[in-house]
Structure formats: structure tokens, C-alpha cells
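Below: a set of structures, written as C-alpha cells.
Each of the next two complexes has subunit A plus one other chain: subunit B in the first, subunit C in the second.
What follows is the complex of A and B.
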């Protein structure tokens, strides 16, 4: 039976009102993902041979894929908690009753406002063997007899990238947490003080539980972007030395753009999408529910 | 009226906006004479029609003007190309050429163009591509065969350097036309070699000894013996190949199959590492890119430097160069018992297979790959010619005297593998070479990796 357009039922109205948003999502989310899945079944691009799941088998047997996945997971595991702790500290600092608030807020916003690749280049120059400020300071302090090539040593290069990512992203977390902090009513602290709670106890018993929803939002955003890390390692090390700091997003870029292999690039992207999906699902199912 | 109408149309077409004659012409104010007035009206009508026809014709001529969009990398002197396009435009007023530039390095330009061409975009008509790219682009169907515009492969057999025939003729068809030559040269400080009584070294061992003698005697901690490119950039492919070729070995056969002799590759890379250990090459060689070598040589911090042909101009002409007039150029040394070998570069004009102005683009390519164009950019920008005869052109030699010494180097130069998957082959070689020079991979493991991974692509 056709719906009555003049006086639609609530259900029909709901469908009608949702339709534009649904169509938009279909176009900008479902279609590209479908296309990605489709492309991943071809040898090089859609004009070449259909090879079924061959690309997937190749990817799963490729040590470079596992190396990049391991690097990506490690960067996520190190930088997300790192940025959370630093971001929380910055938010607490910015929330102090300063007479002038803008210099603190500006300092908080600045790293966030910088383009990622810019941050990567700045830190790459800091750590440059010949012209970097880090080696210069160490040499002047008498801690170094000859310059260290930080970005040519796999572990140092990895640590440098993590440090840059934490520096760059903690201000984003701080901004979200600052908004959360300002929503905690002062009366809760006053009540805690009356009950004889110390500052430390107030932090753990009032601030942290009240801030949990903001922390969750920040964590989900940060984790998803950490899984997609590209710009900072690309500008700092180009994935080197060798492939020591290559992430999954960089490997996708390499196959798709440098090697012009849309098939393999799409396959890698599908794998990354699945990883993101699992992580987001985990957050939403377990932690998100508890926080709510 | 007609003049007014004409001016209006011209102004609308953007040709010439002058103050139009007033629509109320003075004669219309004279005493009324019906006959004369009718005649005037007829005349005005004729003139108006004539002017309409002429304006429409001009408009159609404007519409017929073809605009060609070309892509030129920033290192391939877009300023000089613009002058060439001006020359072409004078002789062919119907064609206007717009330049697009971008991508600081060969890899970045390749990435940009492959994004455009994967999308079958017709926006760019012509592009300058690196010598290593025609095979890859042709296999993807991205570039148009040029035989019908340039007269077939025979056109390349005339006076062009032989290496460009190999690179641009694929499966018997011409896919690109050479524009700018390039090769890796050994630059050295003439003053320092003369001061310490050192002659041009013929082998890498001689070079290491000469560099140590000079740096030792100079006692300047900032003075390097030899600067090579060890960062994971395209230049590192040549860094891998130079000491390998220098032993008389070939990386691939004519069919593009890998013929890597692992022992020679190990020996070649150990030559570089040996020089790092002796203090001839900097310890952080794996960070060194082409511009770093150029800048450090210019700053007077390098005795010997391997770099592309364009660097000579920078050493001699840049305002901040401290080595003006002291720069020598020589063929690259050989491995002991081997022969000198260098890496060929260069840039070719190719036509977008998805372009919409192929005939006009084909004519422009003919002009851009002509001897006249090659001599022009050689004179104006010290860019290595692609024609053998231009190296001896007196006009060119007057401006760039070192070109006559460059010809034997360029004639002996070898090209990197010209294969469909060059992007991947290059990435494997340069990343691994850089990791070996950074000592995060052993030479044996690295060479094994190159042999296995490149072997899969070149069989």
C-alpha cells in the first residue's frame, strides 16, 4: 500500500526525514568502501585481471605488511596513552585560575593548529645529525663527543616519531578534557573538601569519574587517528631506516601511489579498515558501555 | 553606430576596451533630409552587418585557439621552458601553453603524475618525465605513442644520444622524446687538488687516498672527502649501481631480466662503507640527499662530490657559492680492475594518452625535442644537450665550455633498469641501499633482499 503523502504516519515521516542523510551516507561512505572492496579483487587496477582473493593471500604472506602492522599497533599503544596523560596534565594546568587565560589556551592550541607534516619536519630538523639543536645542546653540555644520527637508528627513530606524535596530539586531547573539566560543578569539590578529601583523593574520586565520558571521546578519536598515522613518520624518516618506521598508511600510499598498484593498495586499505573496525567496536562495546 | 557596435563587441570579447563612439552621431543632428537619411541608414546597416561578421569571425578565431597544459618539475627549469613556449607561440599564434609545476623530486613528480593518469585525467597535455619512467607509463597505457608526430623510431636514431633511443622506444614505438640530458659526474675542488699535488683519481681506491691526503693536510673538521647520496631517494639507486657497474657488471639484460651478480654488489657497497670507516664519506651518509651534497659542496665543505649535471651551474653561478671558479668535473672513477661507469638521467616529453589536444601537443613535442630547443636550454641553463652534435656547438661551448669534456662521460653512461614496475624496483633498491649505509642491515642481507625482491619483478 502506498503511504499517504498528505498525512504520513510517524514511521513514514521518519523514513522520509532520514532519507537524505541516508542517501548522503550511501554516497560518501558505502560507495567508496564498496569500491575499495571491489578494487581489492583485481591484479593491478580494475582494467586488469580479476584474481579473487589472491591479493589478500599475498598481503598476509608479505613480511612488510606485518612489519607495518606491528609498527602501527606499537605507535597506537605508545602514543594514545602518552597523549592522554600529557593532555590531561595540560588540561588541568589550563584549568587553573590564571589571571590571564589566553596565553595558556593559545599555547595549548598551537601544536594542534600546526599541520602534521609541519610538526614532523620541525622535529626532523631538531634531530638532524649535522644541524640539529638536540646534538648541539648535547655537545655543548659535554654529553656527546660526536653527533648522533638519531633518525638513522631504528629504535631512536621510532621513539622520536612517538614523541612527536604525542607532542602534536596531546593538545587535542587537552582541549576535549578542558571542556569536560569545566563542566564539573564546583560544589562536588566543596562537598569532597567538607568530607575531608585530600587533593589527590579529589582528583581520583571526583575529577576522573566525572571526566570519563570526555576521556572516552578523546580516546576513540585519538586511537582511530593513531591507526592512520602517516604524515609524521613520512616527513621524519620516510619509513626508514629501511622499513623500521613504516606504518600501514604509508604502505598503502606506497602501493597505491608509488607502485600504481590499486589492487594491492585497496587490499591493504581493507585490512586497515578491518583493524579500525575491530578497535572501534571494542571501545564502543566494552569501555563505552561502562562509561555510560 | 557601427563603430559603437564594433567597440562593444570587441570590448565584450576582451580584445580592446576603448571609449566607444557615442550612439548619437553628430550627423543625425543635421537638418532633416529624407533621402540622405535613408542612404545613411542603409550604409549604417551595411557597416553594422560587416562589423558583426568581422567580430564573429574574430570570436571564432579566439575560440579556435588551443590551450595546451604542460607539467614541468621545478628542477627542469620551468622558466626556460616558458621562454621556449613563447618562441613557439610567436610562430604558432593559435596555440597557447600553460605551465604547471610541482613535486620537488623525481619520485614526487612520478607520484603526482600517476595519480593524475590513474584517474585518466585529460587536464595535462604534455609532461616532462624522468628517463626511468617511459617504460612504466607506456605499459599502463598512460602515454600516447608519438610515431605519427615525430616520424617513428628512426627519428631517434639520428643525432640523439644512444641511451635516449633505448629509453624512449618501447616495443618499436616512440613513447617519449628527449629534452634534457643528465648524468652523474664527479665534481672536485681544483684548487685543493692542485694545492696538495693530487691528480684526478682513476679508481675509487685512488680517490679515497687522495681525499684522505687532502682532508688530513687541511685539518678542517668540516671538510668531507667525498659526498654521495645515501638517503632513500632516487639518487640512491645510482649510489647502489655506480660501484657495481664500475666492475663491468650489468644489472639487467636487454630483455629486462635481472642479472645481478651478488658478490659484485656486495663488493660495491662495501667500497662505500669502507670509505665511511676511513672517514672519507660522512657517517650519516644515509641522510644525504642531492640538495645536501650541492649545498655542502657550494659551502666549500667537500673535496669530491657525485651529483647530477645541473649541479655545475649551481656551484659556479649561485650567489652563495664559495667555490666559484674552483670546480673541476671528471668521469667517475672505476673499481680497481674495472671501468668507469656513470648513471644516466634526463627528461623526456611525453603526451597524455587521455589528452584532448593531441595534434597540437604532437606539433609542440616536435619543437621541444628539436636541436634548436636543446641548444637553447644548453646555452641558457647549462642543461646537458640530448643531441651529440650540440655538445660541440661553438655557440654552446662559448657559454658552457665544460660540455665538450662531458660528451665522453655521457656516451659511456648507463641507464637504470627500464621496466614496467620501475617504481617498485627503485623503492626496493633505494630503501635497502640506504638501510645498508645506515648500517641497520648487513650488506649480505641487503643484497640478498634486493636480489629476491627485484628478481620477482624483473624475470
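What follows is the complex of A and C.
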């Protein structure tokens, strides 16, 4: 029987309505995952020889891979807690009873809406050796006699990238946490006050526990995006000096696009996928335990 | 406001300081770029640098448009983000309606599948997406970016729209169907108009996401004619050095549309973010 197109049955309609979303997921996510695993077993391109796990052995022996992995993990370990602390601070300040709410709200929304790549460009300009505002302020404060080339020194470049990532991503966390703060009922603070809790105790025993669900949401999404860090190091240092700030995402991009080495690019991507899987799995288990 | 805060923060001075801190943190980078963009060439190479422009000029803006194809980048970004937004809304509104309203057995599983796709690191799919687009002959075309961006936006848009659809009373829809509307008719005439604020919120989030995306745009559409703003500005080449004053002007041009959008619709953006908040 042909379906009645003008007034389809509920089941037909459901299938029709869900089809575009699932076709796209199939084309852009599911098929690529399969392709990725398949590619990783071939030399350079699909026309080249099947080499089994050779790519994996090559990748695991490649110091560039371990360097990029270390940088990526380090960026994640530094910027996720960093952005959480700055974001929480901004949220607490933004939650004060201002008469006009929009300046503060816009101040949180603007960095969120700014492309990561622009944040990288703007902070690179701040840190410019000759004309950057950072060196200028340090000189005026009498803390510096010679201008520092921040982005040309490995450790400073790494720190600069972490700082930029923290600044750029903290506003999103602040927005999520601000919404969480506004949900905490006043009566909880009043009760704590009656019990004689100090402001510090109220923060740790009312605010933080009540905010935990929002904090977890922010942490998960921030961690997943931190593992994929690309835009900010690319625009600030291109991974340099040397490979001091090269992340896994940048290495994948380099092999795939610049060297056209699909096999190595795919192998790196599988490795990166496994790393994110471990991290996500850890979070999900942790949340599952908290919920129970 | 809590009692806890009242004691300490009753001082207007402290409140002003807090607001100033948040505002400085949010606006300073954009403000500094704005100041850089209106300094003239002589002032820019002056040492020590000036903070406030001595002779403001718009020459960098003119140069941004004449020395580099900024207008073409702007056009590409508008087309890509616009099409991706429209398509994201269409696809996710369909899916969200089915999830929120129709009698589905695996409702939760379907929603989880869609949302879980956003947990997937996009970077790891760069290689196969690149290959797929190359196979289709779509490298350096708008479609190469629009389709992945729709997938990128699918989780947020679907989450926002599901919660909006669920907030519309079923009775309104049933009444329309009793009056002779088909289910699709009721969707088009009753549900969608009532969900308009939700569609709008999802649309802004989708637009910002697409406007900001960098990695795919850099990898799939690097040819100058199809570069979007983030790629175009990052790959700006000066004759001798990186042309910071022109870059600053170009950044301001690229930031203004998005800044206006979020300034006008702040509350909706915040609401949408906390409902389906998925973006670094």
C-alpha cells in the first residue's frame, strides 16, 4: 500500500521527519568513522599498498606524535581547570544585583561569540614584541628593560596559548554557571545564615554542591573541545617555535592537508579518537556514580 | 539576591568594581583591536606605543577592503553561515518535532544518538570528510562546509527545539486537527508559529557556530575565492610583515555582524545556550 503523502500515518511521518538528520549523521559521522579505520591500514592513499598496522607502529615511534599528545594533554589539564576557575569567578561577579544587567551579560557573550581564531590573532597582537600592549604595560611598570618576544620562546608561547584558551572559553562556562547560580533558591542561604555558616562555608556547602550539575556539563564540553585545540595555537604560533606548541589536531591537519598523507593522518586521528574516548568514558562513569 | 551577598555587596563601590572587572575582561580585546584599527601608519610604528589614537583615521578599513578580498570573504561567510543555519533549522525542526510529539518507541535513544554525535571530536573526522568532499568534487565549494556545519549544529538546535515543542500544549494541535487540519497542517499552522522564538534562538546559535568555524574551512576551502572570514583574515599576507593595522580593521568588520546579533538578542542567546549549550 502506498503511504498517503498528504496525511501520513504517525509511523511514516516519524521516519520521514527523522530521515534527513540521520542521513546527514550517516554521511558526515558514521561513514567517516568506518573510512577512518579502513584508511589507517593503508600506506599513503587508498591506491597504495595495504600495510596493516605499520602506520600505527610508525605513529607510536614518531616523537612528533608524542610531542603533540603531550602538548594536547597539557593544554587540556591546564585550560579546563583554568577556564572553570575564571568562569566561576566571572559568574559570581555577574550574579550580583546590578540595576542594568546588559553590560555584564554582553561582556560574557562577546568572548563566547568571538571565533577562536580571532581570539588567537588578537592575543598574538597583544604579545607582539615591538608594538604589543603587554610589553608596553610591563615597560611602563618598570618590570622590563628589554621587550620580550613571548611567542618565540617555547615555554612562554605555550603559556600564552593556554592563557588565550582560558580567556576565550571561560565566558561560555560563566554563562552556564550563571544560569545555575540563578536557580539556587534563596531559602538555602537563609537557612545556612540561621545556622551560623560563614560566607566561605556557604560558598562550599550551598553554592558549590548546588552548582555541581552545571559544573559537570561545562567540564565535559570544555574537555572535549580542549582535546581538539587547533585554532588558537594555529593562529598564534603555527605550532612553533619548532614544535613546542603543536597539538594533535594540528599534526592531523599537517599530515592530511599539507603532506597529503591520508594513511598517517587517519592513524593519528584513530589515536586521538581513542584518547578522547578514554576521557569521555572517565567522565561518564564519574557522572553515573554521582547520579547513583 | 541572597542574604549572603547583601552584606558584602551592599557597597555600590564594590558592585561597580565587580561590574568593571567583568566588562573589562569581555570588552578589552575587542576595544584594543578597534583602537589599533583607527591609528595611522606613522602612529603604529611609534615607540613607545600610544594607547589612544592621536589622529583617528579610517584608512585601514579602506585598505582592508582594497588590498585584500575582504568583501568576498564576508560574502562567503554570509552564504555559508546563512545556508547552514537555514538547513540546520529545517533538519533539526523535523527531528525535534518527531522526538517531542510523535509516538516513538525509542524516543530517548534517538535524541541521545543525535546529541552524542556532538561528543565526537570533529578533528578526527577531518581526514574522511576531506576525502568524501574530494570524491564528490566539492572541495572549495560552499557545500563542503554547509553540510558538516549542519551536523555540527544538529545537537544544539535539536535540543533547543525539542524543549520548545514540548512547551506547546498538545491541545492546541489536537484542536487544529479536529478542525480538519492534517498533522502536517497543524505543524505548519500551529506548532511552528508558536515555536518561533525557539526556532529563532536555535538559529542564532547555529549562525554563530558556522560563522566561527575554522578547521574545516581552512582544510576544505582554502582557495582564496571561497575563504570564509576566519580563514581569510588568518591567511592575510602582507608584502613584508603581517599587516596588523589592516588585520585589526578586518577583524572589526568580521566581529560587528555577530556582535550586533548577540547584543540585540542577548536573553534568547543565553536561554538557548543553557538549554543546549554546546560550544567551546
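Following the convention adopted for this analysis, the second predicted complex is superposed on the first by the 260 of 292 C-alpha atoms of A that agree within 3 Å, B and C clash if a C-alpha of one lies under 4 Å from a C-alpha of the other, contacts with A are read in each partner's own complex, and residues count from 1 in each chain.
Criterion: contacts are C-beta pairs under 8 Å (C-beta built on N, C-alpha and C of every residue); 3 or more make two chains touch, one makes a residue touch a chain.
Keep in mind that this is a model prediction, so the values were computed, not measured.
By the touch criterion defined above, A:138 lies against neither subunit B nor subunit C after alignment on the C-alpha atoms of chain A.
Contact with subunit B, but none with subunit C, is seen for A:240 once the two complexes are overlaid on the shared chain. When the two structures are aligned on the shared chain, A:27 is found in touch with subunit C, with no touch to subunit B. Which of subunit B and subunit C touches more residues of subunit A: that partner is C.
Once the two complexes are laid over each other on the shared chain, residue contacts for A:130 go to subunit B and to subunit C alike.
Of the two partner chains, subunit C is the only one that A:176 touches; subunit B does not reach it.
Contacts of A:73 after superposition: neither subunit B nor subunit C is touched.
In the superposed model, A:259 makes contact with subunit B only, not with subunit C. By the touch criterion defined above, A:159 lies against neither subunit B nor subunit C after alignment on the C-alpha atoms of chain A.
Once chain A of one complex is fitted onto chain A of the other, the partner contacts of A:149 are limited to subunit B, with no touch recorded for subunit C. Under the contact criterion defined above, the residues of subunit A that touch both subunit B in one complex and subunit C in the other are 128, 130, 257, 262. Residue ranges of subunit A in contact with subunit C, taken from their complex: 6-8, 10-11, 13-14, 16-18, 20-21, 24-25, 27-29, 31-33, 35-36, 39, 90, 93-98, 102-119, 121-123, 125-126, 128, 130-131, 133, 136, 139-140, 167-169, 171-172, 175-176, 178-179, 184, 186, 189-190, 192-193, 199, 202, 217, 221-222, 224-228, 230-231, 234-235, 248-249, 252-253, 256-257, 262, 265-266, 269-270, 272-273, 276, 280. Interface residues of subunit A, counted against subunit B in their complex, comprise 45, 128-130, 146-147, 149, 151-154, 238-244, 254, 257-262. By the touch rule above, subunit B contacts subunit A in their complex via residues 107, 110-111, 114-115, 118, 136, 140, 232, 283-284, 286-287, 421, 423-424, 427, 431-432, 434-435, 438, 440-441.
Chain contact summary for the complex, subunit C toward subunit A: residues 1-5, 7-9, 15, 18-19, 21-23, 25-27, 29-30, 32-33, 36, 44-45, 47-49, 51, 90-92, 94-95, 97-99, 102-104, 110, 113-114, 117, 119-132, 147-148, 150-151, 154, 158, 182-184, 208, 211-215, 218-219, 222, 229-231, 233-234, 244, 247-248, 251, 254-255, 258-259, 261-263, 266, 269-270, 273-274, 277-280.
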